[in-house]
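Below you'll find the structures, each written out as structure tokens.
Each of the next two complexes has subunit A plus one more chain, namely subunit B in the first and subunit C in the second.
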Partner chain A sequence: MCSAAREDRATPGTRESLAQQFSKAIDSHHQRRQIFRTTENDPANHTEHHEGMFYTVPPEHFHQWMRKGLTVNMYRMANAFNESSLMVRRPATELIGYLQMAEYTMPVIRYLLYGEYGSGKSTSLAHVMHYCGTQGWLILHVPWGAFFNRYSRDVQPSVYRPGRLDQPLEAAEWMTYFRQMNESLLTQLNIKVQHKYVWNKRESAEVGTPLAEVMEFGLARVKYAADVVGAVLKEIRLQAAPQGFKVLMAVDGVNAFWSTTNIKVEDDRTKRHNAGNLSLVHHFKKMIRSDWSNGAVIGTVDAYANDEDQRESYLPRYVLGKEGFEWLDPHIPIYVPNYSEKEALSCLQYYIDRKWLQNPKCKVALSRLQK
Partner chain B sequence: MAASKAACGVLRGFAGRRGFLLFCSKNNRYVTQARTYASVIQHAVEKIGPIEIEDDEFRVLVIPGHTLGPERKRMERRKQKEVPPPRYKNMSTEQDWTSVWPAAQSFKWSVVPFPVRQGFAQRQENQGMPPGKYANAELMKIPNFLHLTPAHIKQHCAAMKKYCTAWPAGLETDEQCETHFPLVVITRSYLVDSPSIRDARSRIVTFQVKLSSLNLDYHARDKLLRLVGDRYEPDTDLLTITTDRCPLKRQNYDYATYLLTALCLESRKTEPWEAEKTVADMEKYVWDLMESKKSLLQSVQHMKERLQSAQVDTAKIPKYLNELPSTPAEEEVVNLPLVAEYRDAVTRLHNEGEDLSTVCQYKEAVKKLLLNVSAPL
Partner chain C sequence: MAGAVEQLGKCMRCMSVCKRTWTPAFIQTRTAIYQPIYLEPTFRKEDLQQPLDELDKRKYQPIKAATNEQTSLASYDAVVAKFIRILTKEGNKKRARKIVDKTFENIKLIQLEKYHKAATEEERQYIECDPLTIFHQAITNCKPLLTTQKVKRGGVMYTVPIPVKPNYQMYKAMTWLIDAGTDKERDIRVWDKLAYELLNAAQNEGKGVRKKQELHKLCEANRAYAHFRW
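This part shows the complex of A and B:
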């Protein structure tokens, strides 16, 4: 360095200006320091160059599209840091690439995120949902597929189709969640139903009734909420292509649709109902067939959505089981790996930056690791 | 009595002044005086030699240790033999080891001519260091092979050679042995020191045969595998039949032969009920019979329909769709190279088991079917 500077002084013709020297110094400083943040906050522009960097999700976006589905820790940290940042990772950018590449007049393509427990499947899904949300897609999000199997509060036999089970409270809850997530888009699209839906002798939805009204009915008469969810999904499926709005069906733990519930069979209390018997699950399962177009289906395959005796592997064929695999075949499986070294360092640096890690020894350890 | 030889005397108690004992000779001449019996007798003995007190007067006081008898000869200690130096110190490097250590025996430190350590020293000066061979019980416990050195083996072989015949020509390699003698029969004989020469274990007979040497076709092989269950080892292709239900070796041998024959004959037969085989009975994943084929054909059909009905950006769809006729026949779709790749991927995923590589192959195959991967973004 010193000799180079002396040479510079010796040859005044090649001497750099102060501004050049300053910018050079800044550059080298940045090169030495690993960059862990990107200012590119639009997921559509995320490429492999942004991998390992954190981008900040605007608070209103976070509130709209990531209200559910992330891990509890992510919400705690978002609260503590007073900002919500996600790391740009390969599975999400790859998936966004496929979404940009796909032709939407064709039947929907199913994508499955798979990986070990805690590798970031749900977070990658949230990243992709953010992309679709900013692109003006209608998003149908099931935050945890196994929720309907395990935590149902009120289960009633279906009136519409005997043998199936309605979960009115969960259905109403999901509908509220869906409406909140897509509020502006739904009013803008003003979808009208194309089929007649008869709820009972007196109440029915005629052809041309606004979808918002149907949902309102479902929330007012919670008894019919599960059927209304079916109707809403059916209308969205049918009208996505003709009306020209793109739909994302995102399911976290999609394999739960083929596992068993903890709801006991009325006639034989030793047996438990299959998830397919739940009317909500039945409706969502119809959504993840590829017989409609102008949309995409993204699911995560999570062993923890299965029963306890079916969690030996995280690979999709095992976790989905024969039935689930046949239902979703052909799909594009996308592997979500654990953090690479670069990503782990970036994450540590982010925590230090956010003062989540405050011990000065952390910084020393980190700088040593970076060498 | 020895009275004539020995001096006699009379002990007179309280005769002297101030309580002294007097010892006088027989003719009453004064000999000595002392305060105690022991002292007075000792003095008397010193002065006049061995004394004998006459029976009619006083008994002689015999005090062990003081009254001296005839002198005994002291026993001399037996001399210990000199310990010769251990044998290994005198061994030459040219010696015949087989004569030093001819047969199996436990370790002898004095014979083994090399340093060897074994065991564990605890709470001693040399803690942590295995003790040497001298008087080392650990070395005696373990088996040694000092009787089976190459020199020993050479001698054994030389001794046995006269009983051997020449190795048959044409059986030089293991492969040749396997082709000419595909069946391996394993029996065991037991020789023990006991009242009976019978041993129940010697009845067991094991047949081992490579399945490839049985010349089975696909159907027969599949059927035989279903019949034998876990007696077949896929890694080595070995079928193992063990028979032990009859009391004699010969009977078990016959039974195993019967079993092998019956297995081969039965698996070559095709029974009428075998035509009722369903998908659930398949021994492996056959794509043509599975849902996967149906769903693939269906999605290709759907894509083709959309291609005709809607405004499609042809740059974004996979190229093979444009080349297909409007209503493609099943064979046309199945014969596409991309579909063949997909079929192989699904079949491999199911037959070889799932791991990252098979899932990745499946992903690549599906990507080519559904997306135009080569198109720029």
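This part shows the complex of A and C:
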């Protein structure tokens, strides 16, 4: 497309009338391939005009806000292509529009992305997270809700509340992830604790201790990491409105918070713990209630975060179950459809541009499609 | 007299050879449901559109039915299909196909990374990104020209170098590549190792090519016995 246009400009040849030039320009516009890339790399400016186009995420942004949460293939391709691009799609632009228009003195609004497996829920979430990050929000991201249910390495009974289960390693891991993501913002905000937290007889955090110090304690004494996560989340929730920083709580696969875990019950080995018994999940569940303000909660509803026998439908009411649906009620559901024809074509063009499609027959097939 | 005896002996040997080749009861057959008169099928769409010659055998001889994998898909490649057939274990062709697909994907990822990270346009020209061409290059680089055969002459076994038929060349190249790909640590995936080996073989390096060179060396060492072939 570009080369044809450039040739036109480079070789003016004989002088043409204005009308001729105009008609020629229109012809070249029609002949031109569909545009699949946009130079608008700021997600705040993405509207429906950019739909189906790819925008390039700057490497430092990709490293900061999209380190986790996308599919494995996306990371491999980003590495191979030496750039990371996301397609601007309707659900993400819609959600960004809602975030721009929302009233932040009121309790937080919950948004739920739902759709079929592989339709792009997590990618849309990543796009919105990029928007929030560039706008200077504090981001709390749970890359995969079912992670705590399935892959916990070390489970210990909670000291703070008997009956609950602590996952110290996972908690410490999440805390480092959170700290990396919001490193500059946390130092700038310099949040101080408003409550007294007693970890044991000797160690406690007094009122006015910096949040960074509390997190440092959690990482040094991993035994208390899960409780520290709870304290950090509580402080952020309480101070978001008075301190005036916006908070995004993003959870991929929220419905896992109401499913069952792999961890067997001590007394009855045939039974398994509910996810609500995990202290980490308990803290995150408190975060997605709408009893705080100056922030937003975005979750994706994914059947694959459920147990194997509960994956028949992708609709929120089925996947979340009664309890989860009531917990998240009211919310704004946003449907993530599969690729439309335009989006599929633009994706194919992007792949051809990046040389991902190597077979020459692919290009022939694509040109046939475009007619 | 002596000459006549020698001639008779030669004749007898010829006859015995002929006898061996023309006794179909002793030929090893694996799922050969077609007689040799049957021709290979023409199944690609572009080949089917070609008009037939007056003397074309396909007009007068029976033709085999196309197999399941012989399609006119854009992704079909006869050599790759053969490779998959050799790679198959326990009759699990699906698994072999998956391994080959992932291998090609890995090759593409490795080459594209080199391509997009290359600084200048000149460097990029020399980076081949198509996994199929790399695969074909690897196979041709591993094909042996000669092989050895044991021949007994005067009570002594000799290793005699003999030329190779194209089918056997292909088979040998593929088995060497597959052996190189499967000889690995437990925690390394086949598709990763195989991709590495194919990329190496395309550059005339690696295990497969070394196997070929060793065989050539053996043939070279035994070239004094080459005349025992007859």
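The rule we apply is simple: the second predicted complex is superposed on the first by the 341 of 371 C-alpha atoms of A that agree within 3 Å, B and C clash if a C-alpha of one lies under 4 Å from a C-alpha of the other, contacts with A are read in each partner's own complex, and residues count from 1 in each chain.
We adopt the following convention: a contact is a pair of C-beta atoms (placed from the backbone, for glycine too) under 8 Å apart; a residue touches a chain by one contact, two chains touch by 3 or more.
Keep in mind the model is a prediction, meaning the values are calculated, not measured.
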item: Partner chain in contact with A:A80 - subunit B first, subunit C second, else both or neither; value: second
item: Touching partner for A:G136 - first (subunit B), second (subunit C), both, neither; value: neither
item: Subunit B versus subunit C as contact partner of A:S293, first or second or both or neither; value: first
item: Which partner, subunit B or subunit C, touches more subunit A residues; value: B
item: First, second, both or neither for A:P59, with subunit B first and subunit C second; value: neither
item: Which superposed partner A:N359 touches (first subunit B, second subunit C, both, neither); value: second
item: Residue ranges of subunit B in contact with subunit A within the complex; value: 290-292, 295-296, 299, 302-303, 306-307, 310-313, 316-317, 342, 346, 349-350, 354-356, 359-360, 362-363, 366-367, 369-373, 375, 377
item: Interfacial residue positions of subunit C with respect to subunit A in the complex; value: 74-75, 108-110, 112-113, 115-117, 129-132
item: Interface residues, subunit A side, partner subunit B - complex; value: 97-98, 100-103, 105-107, 109, 114, 241, 290-291, 293, 313, 315-318, 326, 329-335
item: Residue numbers on subunit A that touch subunit C, as the complex places them; value: 76-77, 79-83, 354-356, 358-359, 361-362, 365
